[in-house]
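Labels run A, B, C and D following the written order; every chain starts at residue 1.
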Amino acid sequence: MCRWLAYSGPPLRLKSLLFEPKNSLIRQSLAASRSAVPTNGDGFGLGWYGTEDHPGVFRDTLPAWNDANLWSLSEQIRARLFFAHVRASTGTATSRDNCHPFRHGGLLFMHNGMIGGFPVIRREVEQLIPADIYRDRSGTTDSEAFFLLACGNGLADDVAGALKRTIGQILELMSAAGIDQPFRMTAAIADGAQMHGLRYSSDRRSPTLYYATGGAIEVRERRVEFTPGDDAALVLSEPLDEKQDDWIEIPEDHLLHAVGGRAEVRPFEPD
Amino acid sequence: MCRWLAYSGPPLRLKSLLFEPKNSLIRQSLAASRSAVPTNGDGFGLGWYGTEDHPGVFRDTLPAWNDANLWSLSEQIRARLFFAHVRASTGTATSRDNCHPFRHGGLLFMHNGMIGGFPVIRREVEQLIPADIYRDRSGTTDSEAFFLLACGNGLADDVAGALKRTIGQILELMSAAGIDQPFRMTAAIADGAQMHGLRYSSDRRSPTLYYATGGAIEVRERRVEFTPGDDAALVLSEPLDEKQDDWIEIPEDHLLHAVGGRAEVRPFEPD
Amino acid sequence: MCRWLAYSGPPLRLKSLLFEPKNSLIRQSLAASRSAVPTNGDGFGLGWYGTEDHPGVFRDTLPAWNDANLWSLSEQIRARLFFAHVRASTGTATSRDNCHPFRHGGLLFMHNGMIGGFPVIRREVEQLIPADIYRDRSGTTDSEAFFLLACGNGLADDVAGALKRTIGQILELMSAAGIDQPFRMTAAIADGAQMHGLRYSSDRRSPTLYYATGGAIEVRERRVEFTPGDDAALVLSEPLDEKQDDWIEIPEDHLLHAVGGRAEVRPFEPD
Amino acid sequence: MCRWLAYSGPPLRLKSLLFEPKNSLIRQSLAASRSAVPTNGDGFGLGWYGTEDHPGVFRDTLPAWNDANLWSLSEQIRARLFFAHVRASTGTATSRDNCHPFRHGGLLFMHNGMIGGFPVIRREVEQLIPADIYRDRSGTTDSEAFFLLACGNGLADDVAGALKRTIGQILELMSAAGIDQPFRMTAAIADGAQMHGLRYSSDRRSPTLYYATGGAIEVRERRVEFTPGDDAALVLSEPLDEKQDDWIEIPEDHLLHAVGGRAEVRPFEPD
């Protein structure tokens, strides 16, 4: 059910984290370690902040493990904040518009999890999205719908507040529709200056989520090494190597906020 | 703005009409003769009825003019009723789910034209689609929305009635939203036993639409030849060759109904 | 390293074997049971004989497990002889021309295995292919090169002889180049009237290969059932269900020849 | 038959030249002005030099005129030297490996034209490519074969010399095979520090080729404007706007060499 990673800090070549570590994201696309679904071959995507006022996005439906474009872009692009995602579909079709990350204005969003029974409440969720934002809906995933609804709830100004409100609304719709299946989510949100990582599920069985901070990041002999400092942060579905010290698990029902490498993790509860 | 053709009659190899005539549909994808937009390279699709109770559909985002899969399938598949479409996008993204033909149950639908100002009324149109049918919405085109709404309006039982009702609803939404742009449509609908071809626009400037009937169809020296009889019918955006005799223009505001090669063309007016 | 199946017998809907059994080929694309590489998501392909004098081929680079076109074609196409293949790349790029099955004239070919050190001897292998046949080389795989060379060695007239000669030539090139890696192969060849299945490796460590015969094939409750008789044969990388009785392993260094359901398995030794 | 542009000079956003001018490269993909084939929808590609020791490459088989990835990358990537190409196939299949530009080591190459009768001499051309370079052949185009052969002839050290030798070898093979069709070429070569643009045909009927130089480039109101100076150069298939002053036609049988904006155009004659 998807794997992702988000980085902020000194400009870093995407390849460092996507390809070089022992359990790199690309390795996870073929065989993830800590996921119910080991294979995440239903597409991939990159989002990154450069010199423009909104991020770039590159998405494709092919598996990430053998894509020459992804390799070349990862080699060439350095960014101070970037997202990368490999997808395992939970039902919706494979199309580029259904791949993560999603962008709206200057925001990036990616997701691992599912809105239980989404086909039943899809339209009700979509109806809560403000009209001007709804025009940007170009796919059919629960992830994109969640994101656009959160944008309508002020995600650009107050991430925690918008997420609480959005999840609250969705839980209410699920309850009203008599849906038994859970709501499960790890998600990342960024605006170019900061990033957030959320881990929340209605049944406390979220996908895995970790983070790490340091001064800068280097990859040596397939291990990720952090220099001392607080300029760089990584939020990610699973550790990129086997060293246990660096990777801190984000507990259930918690929201991480990182500016550069200064990260805070706080309890999270939906409205 | 798209080109298409629909055939019903004795089983015919798709290649006969897609590739062999002088102005074949594949030729039209590269350079259509009677279209505002000569290039129709934003994807293509086939729909055909065989031995199953619902039709097969094959769609891709690549141009039709150089696709080995399309060639091979067209050579191998013979069908008594089939649709073929080459797309020129009017704005929505290129994805397989945005290519025609669309299928719902045993129905096939394809379209050339546009719902003016659709982004403004998109959600209102979607809201008119019954919930169980809305779950099948997998793209973002005005074409698919129109089709699913028409299905909700009884397209499987009364094609003319459902089309009148659907267009009436959409014209009303357009008017209420103050949209100046027109509603323009040529469209084909089939259910395996019969097919319909509609030509209607709010400003009487529809894309072109023609039909032809006969006993059977053969293609010789790149010309389409009809034997005498009434078993086979073709409905199509533009003639497949230069012979003027065979191709009958469907007038503005008319709906064709063909069972085998017995075709009737009647005036059409939306509700 | 790829999984495949080949069927000949009474016309059968492809879906029966591709999707319905417990360990269907599509299931194997996501998680094969008896393969060194469980994921076979680097493309897929179908080849089938219908009414034309040469087979149809449909290939794509997307994983087989979530492709709407593959599903629809498998539902609609019935064939008396067909091939299906899901690919795990051994290095060469993912493109449609590098997916199996390959076709030349009326022949189909698919492969699981590898020519050790192929990049070193690639050109030498290609140089052995007759000029007129070499013009059909449209990819870069060792599989396609092997096939075209075998065609040059008379594969259309004497499958066993052509395979022996071709493997002999390749083993010689490998030896001359000082290549340590092995030559490993399971492969299927068909011409519309009969099919062959080969299992041969230079180090007797071939990928798995099985076969089964019967009167006709049905799939009930995800199990493949064979009626008594000798009209239908299946040759395949791994069993489609857990019943042990039906599936007969083809030993190392053996070549199966099936006409309808009459199958012979004979020792095989390259020249 | 393809359109392309090459830029060197102060870092420039690719979008400036790919999308903004009146006759931008993307516009040319849909409707080129000075090309025998107006539609160039058989794929596209970018190559650009950044901070790495070899260039990045991004290629896809979709038409360039409606690709979200191309748009986003063009917005985000600034480069001091870049290539962009939109393809109209001359016969070979559409695959990413058959799209331009091609890369070898630190070199980029793109091409518009054809080697007449290439299928007849394909193998002979390939045989002239040194073994280690031949291993990089991943497609089937005459363009890629030409490029790799030129690399083998010292393209990295002496562009003019390598091109003369390569064309000479090919003309010889064509003559020996009795091929009537011409050899026609416009091509660009870069190594990160300089670029070359060639216009040569055996029958003096080359595709069009132009260049322009200046201090820096800006696009205002869809027109390309050059400030005074000699830091920036553009080599391209056809002008990006209607101003005649800036665009200088490169004559038949001439080779342009540009370092920054200092361009020399010299007669060219193959060996």
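Note that contacts are C-beta pairs under 8 Å (C-beta built on N, C-alpha and C of every residue); 3 or more make two chains touch, one makes a residue touch a chain.
Predicted, not measured: the structure shown is a model, and the values here were computed from it.
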Target subunit C, source subunit A, minimum contact steps: 1
Fraction-based call for subunit B against subunit A, same above half, different below: same
Subunit A onto subunit D, rotation angle from CA fit, given as a multiple of 5 degrees: 180
Approximate Å spacing (C-alpha centroids) for the pair subunit B, subunit D: 40
Junction residues of subunit B - those touching two or more other chains: 68, 93, 96
Topology of the chain contact graph, where touching chains are joined (line, ring, star, complete, other): complete
Residues of subunit A touching subunit B in the complex: 92-93, 95-97, 119, 122-123, 126-127, 131, 134-135, 137-140
Of all residues in subunit C, those that touch subunit B in their complex: 48, 50-52, 55-60, 68-69, 72-73, 75-78, 96
Residues on subunit A engaged by subunit C in the complex (per definition of touch): 30-31, 39, 41-42, 61-63, 66-68, 89, 93-94
